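I have placed the structure first, in the form of structure tokens, so that the comments after it can refer back to it.
Residue numbering begins at 1 within each chain, and the chains themselves are lettered A, B, C and D in the order written.
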Amino acid sequence: MDFLERYKIVRKRTEDICRPLETEDFVVQPVADVSPPKWHIGHTTWFFETFILKNYLQGYKEFNPEYNYVFNSYYETVGARVIRTDRGNLSRPTVKDIFQYRKYVDDSMEQLLSTDYANELNELLELGFNHEEQHQELLLTDIKYILGNNPLFPAYTPSIETIEHSSVESFITIDEGIYEIGFNGSSFCFDNELGRHKVYLPQFEIATTLVTNGAFIEFIEAGGYTDFRHWHAEGLDWVKNNNISAPMYWHSIYGTWHHYTYTGLTPVNPHDLLNHISFYEAAAFAAWKGMRLPTEFEWEAAADKFTWGQRWEWTESAYLPYPGFKKAPGAIGEYNGKFMVNQKVLRGASEVTSPGHSRITYRNFFHPHLRWQYTGIRLAQ
Amino acid sequence: MDFLERYKIVRKRTEDICRPLETEDFVVQPVADVSPPKWHIGHTTWFFETFILKNYLQGYKEFNPEYNYVFNSYYETVGARVIRTDRGNLSRPTVKDIFQYRKYVDDSMEQLLSTDYANELNELLELGFNHEEQHQELLLTDIKYILGNNPLFPAYTPSIETIEHSSVESFITIDEGIYEIGFNGSSFCFDNELGRHKVYLPQFEIATTLVTNGAFIEFIEAGGYTDFRHWHAEGLDWVKNNNISAPMYWHSIYGTWHHYTYTGLTPVNPHDLLNHISFYEAAAFAAWKGMRLPTEFEWEAAADKFTWGQRWEWTESAYLPYPGFKKAPGAIGEYNGKFMVNQKVLRGASEVTSPGHSRITYRNFFHPHLRWQYTGIRLAQ
Amino acid sequence: MDFLERYKIVRKRTEDICRPLETEDFVVQPVADVSPPKWHIGHTTWFFETFILKNYLQGYKEFNPEYNYVFNSYYETVGARVIRTDRGNLSRPTVKDIFQYRKYVDDSMEQLLSTDYANELNELLELGFNHEEQHQELLLTDIKYILGNNPLFPAYTPSIETIEHSSVESFITIDEGIYEIGFNGSSFCFDNELGRHKVYLPQFEIATTLVTNGAFIEFIEAGGYTDFRHWHAEGLDWVKNNNISAPMYWHSIYGTWHHYTYTGLTPVNPHDLLNHISFYEAAAFAAWKGMRLPTEFEWEAAADKFTWGQRWEWTESAYLPYPGFKKAPGAIGEYNGKFMVNQKVLRGASEVTSPGHSRITYRNFFHPHLRWQYTGIRLAQ
Amino acid sequence: MDFLERYKIVRKRTEDICRPLETEDFVVQPVADVSPPKWHIGHTTWFFETFILKNYLQGYKEFNPEYNYVFNSYYETVGARVIRTDRGNLSRPTVKDIFQYRKYVDDSMEQLLSTDYANELNELLELGFNHEEQHQELLLTDIKYILGNNPLFPAYTPSIETIEHSSVESFITIDEGIYEIGFNGSSFCFDNELGRHKVYLPQFEIATTLVTNGAFIEFIEAGGYTDFRHWHAEGLDWVKNNNISAPMYWHSIYGTWHHYTYTGLTPVNPHDLLNHISFYEAAAFAAWKGMRLPTEFEWEAAADKFTWGQRWEWTESAYLPYPGFKKAPGAIGEYNGKFMVNQKVLRGASEVTSPGHSRITYRNFFHPHLRWQYTGIRLAQ
């Protein structure tokens, strides 16, 4: 597939995700971590404009110079930006304005990609596609948060498929030894996966399945949320300060657990995979089982021996640079490295990850208290 | 004019105010005091539905029972409500939904008002009209806040008229004596104006004009914002904690004061009336002039001797009950009384007050640090 | 009594109040409103040093120039100061250091007052005495807070007397008419009492007794704290945010109300006067009784017809300047005027007010949520 | 040395550290992380009482049952506790009370240790000694904070020795390979060091010396604190929100860097080792040099090839469990494991670490923004 075709497919998928939304759904930001959908639409567009069009398309005229201020996410190199908690206060540019901006940039990109552009662009294009795919997943999780925290619980889609899972745990044993960790191919990867390196692992066992809702309900019913022995001290503070007693989106209605899904409020299926739990909850659940979470190295060493891809799986590992990690110069270098403190690595992918965006070496990362992503638990011991 | 005709006029004016808005402008809530326009549209509708239709229109079927939760402002009597800071997080009901709700209630009200309804309704209708007129002014000031704090400074209207004013102060003298204060007529007034009572006033002088932008620029240039001698201790804390150095909406661009108005960002006209200042700023300005603000009783005693109606005028008076003040029973009794602490009375009216909504006995009230209303200064001594 | 003798008596009383304290009790500041006792000891000394000795005693050498920074309370005219919430973080100067400072200043004051000093000093001396008497009451209430919030509930004194009161309310009627309000004598008063002026009062009834613990327990048992109809909106927020369900220092132990007093934790005597309630609680109690609090003018007009002096009595009146109020020039002018916003007037005096410090025109003032002073309720209607 | 002798030496050293303090210095808690010295004195005593005397000394009578509430630090197993930020609000128990408690417990411990007590106690005694040694270091750093943030900058000691260091960096190369990490001896270690395990390390270079004040002043003068390229995103937020522009305790006086040391405020010696920097500053300095911090495994693998012990050295490693880490059952199991999230490992020891308390496998840990410990920088590449 050539880059132009690929560009059109990626960009169209973002718009398809937004199709069920009302204009109002594009605007709100109920918590700082969730961005308004219109911001995602604009920001992914700004990325192509700022890093490609302004540098490589001769005669390109910026759509609106003030948009840099509005749609820059965190790139200090590229100037001032609306602080993250303020994004939901901006009614302008309107959704229509932003789609016009998107069209303008798409037309210019098509023009650029139809010419004989420099090879050095390939890398930036790949980054732009992967960046947009990351925002597609964020769009889906942010939309879920916006609708799932609305008192009317509006549906996003009329139906979704559920696969039933067993709550019986089965484990495989991985031998001790030196394993190679990190990306090694010629295709795209993020800078944080690079620096393939050797890691020594002692023997360990890792589950071939993820934890189900049913298994987690046992934890709840056993008083797991209030038994301090299972929790990190900061986790217990988080539980107390936020009155946490169940995964995100769960509501107990006349004694039955329900949760918000894209179809609205529905009973929790015990055979479905657990979703929307924080690292603290994942670690407490594992401690309650007398087990632990795998490290990201264990996960990568074992991953071709189990199925993955339904949930982002919390690991015990902190998000840190691989040996020899180097930030790229300029704004692109701000992509990953500056977040390498106080976050946890998640491995795998989820049912809302964009197709083709997954890799066994992929390192996702979030703060340990966050739950609005599709997160789950794989046990190790 | 009969009540049905009056109903239609009042309700239409609210919709006219919203006509220049984009859908997105209806949704956001940049600070807690500013409500999303769509909330005003729904709340004024909910008021007629809750207090009139549900009690007086036989067979009336609520539009949507969940709307009570969404559109109740502060009436504890009428059940749970979305807390004020959360209103801007709600994308649903959509603007279209709310206008359908509005239409549904308007149709039912027309039906009710075309019949021979009980006389006891007159009072509630008057309250509903006046309530909606209050929200019309809030709509206009909230819209100004939403657009005026957007980095694109979008215009609300293509042009507005300005009347030029002199910055020369002239004073009239009011004799000492007993004055009658409070509402005395047979037409509508709010409960907080009732209880006409005698007040003894010593002789005082009060300005016949309001302070202009030009006069306030002198205060700024004299270092007024940083000279603690003019300020209440809490006012000075407010200035420091919020880095206040000019009225709201003012920006110094290359050394020239500009401000956001409904037409966008324009130079400050020194002959226009000062606008958007807090009580703290009003009191500090008066102290700097060696004068003071009038009390609300002085204002009322003198008001037929000067022109008023362009700005809500901060008074020295705290918002307190008049002698013999009684709360009405039920939800309507929550209208005014429970706010009678820590607020300041403003007298007069402003250029965005609804026509016919002004009275010499009208008591407006806000916390002393708030500035997004059309507020100004009249000096006394 | 001459000024020297008076000086010694006032200063000694402050030290007597501190005699039962351990060194550690002088140091802590459990909440921002409560100052460490050693700060009071130093601050009252600093007052005489700064406003009298440095200006009027020839050759006076400051004890320690850095103490100005430490012991200035809020006088912006006199330079930087330790912010109020930081006072409890300072272990130095030590208690011993501060008593040495006190001795040093006392010796210098004795030297000054033994000479033939200028008459203009009389006014400053009076202010210094009254200022120290105010701090004596604060010392007593701050000590109560420090010991009463310690989990060991240490006693301050082995015994205190209690006077029993009836919970039957009796009211006197005051006729409508013009009353003179404000200080009129030749002795000392604060600037906020000056400007004797006429006030017109409608007829009213005012209780001759204060509310007892027993009467307030009825309010609690009737669900008074949770019935929103009695509360100001801000009062209800305060109740909810701080989980308030009884007066300060009250603890329910096996179903019986106890409270901390200077002798330790003891059962609440229903015939004792209610103490340590906020304005919000006072107003809610009055509303529950179908009555109200008096205004400060009503209180002053009626005060020679009832007994007062056991509790500071919350009034409905906001703390505002009397007609013609003028701030004194310089630091002394910061004494009262700059606090005239968002506070409520309390009238009367309390059992911990310094002897001779009370007056019928005295205007005490606090924010409506504060409770650590000796506050009570007198009803009006 | 037998356990009784060892007990006496350890306990005496804690008291020696407190000898220069005034009573007031024992009481205050200027920030949440710094505990009042009297709390340390009581808490280390409570540790022996709770975990040893109450379980092993027959007939032991608790000194005061309420002290458990006051002196428990974070052990949920052992009941309620004063929350950390409130410790500085407690004037009682007094310093004298606490030293009496200490004496009482010491007498009982002597009695126990003079008998033929069970061997199982040895492990608890070792933990008690090491626990107290940890608090000795905290005492010294907390005292420094209390005095160093007092505007009078009182000295703790009349003189301290300084060793001069070169700012020329020299590096040694460590070969790639498998290294054994973790404690392996028969003497005492903490549970977090256990589980000696293999780690594969690529080749790396590590500095033989620590960064000096002089080298860090170059970073400051090069604008290091404001150049976002060197910082983690959270580090930059920390710098901005706290107005950080130099290490803790540094003050620029007439253009010369001074810092608070135990002797008071003195000029910064450029040849002394840098002290009191956060992980964020350490990482930013390393990035500015084009280098990085070592991991804790690199540090341990290389440590016998350089001098260490003057500063706790920030590593890149997050504080995580070693393979096979198991929490002990009961309260002792809360010692380390529950803190294994969001903290960084520091290796080495400092000049205020208790003698004999250091080990090459020792894992200290703090949140990345904390600076009041003796922290320094060793570079790697």
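Following the convention adopted for this analysis, a residue touches a chain if its C-beta (ideal position, glycine included) is under 8 Å from a C-beta of that chain, and two chains touch if they have at least 3 such contacts.
Keep in mind the model is a prediction, meaning the values are calculated, not measured.
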Relative to chain B, chain with the most remote C-alpha centre: D
Chain C-chain D separation of Cα centroids, rounded to whole Å: 44
Inter-centroid spacing, chain D versus chain A (mean Cα positions, whole Å): 36
Centroid distance [mean C-alpha coordinates] between chain D and chain B, Å: 57
Shared-contact residues (touching 2 or more other chains) in chain B: none
Touch relationships between chains, expressed as pairs: A-B, A-D, B-C, C-D
Touch list for chain D against partner chain A, complex: 74, 76-77, 178, 197-200, 202, 204, 228-229, 231-236, 279-280, 283, 292, 316-318, 320-321, 323-324, 333, 338-342, 344, 368
Residue ranges of chain D touching chain C (in the complex, touch as defined): 22-30, 38, 66, 69-70, 82, 86, 88-95, 146-147, 149-152, 154
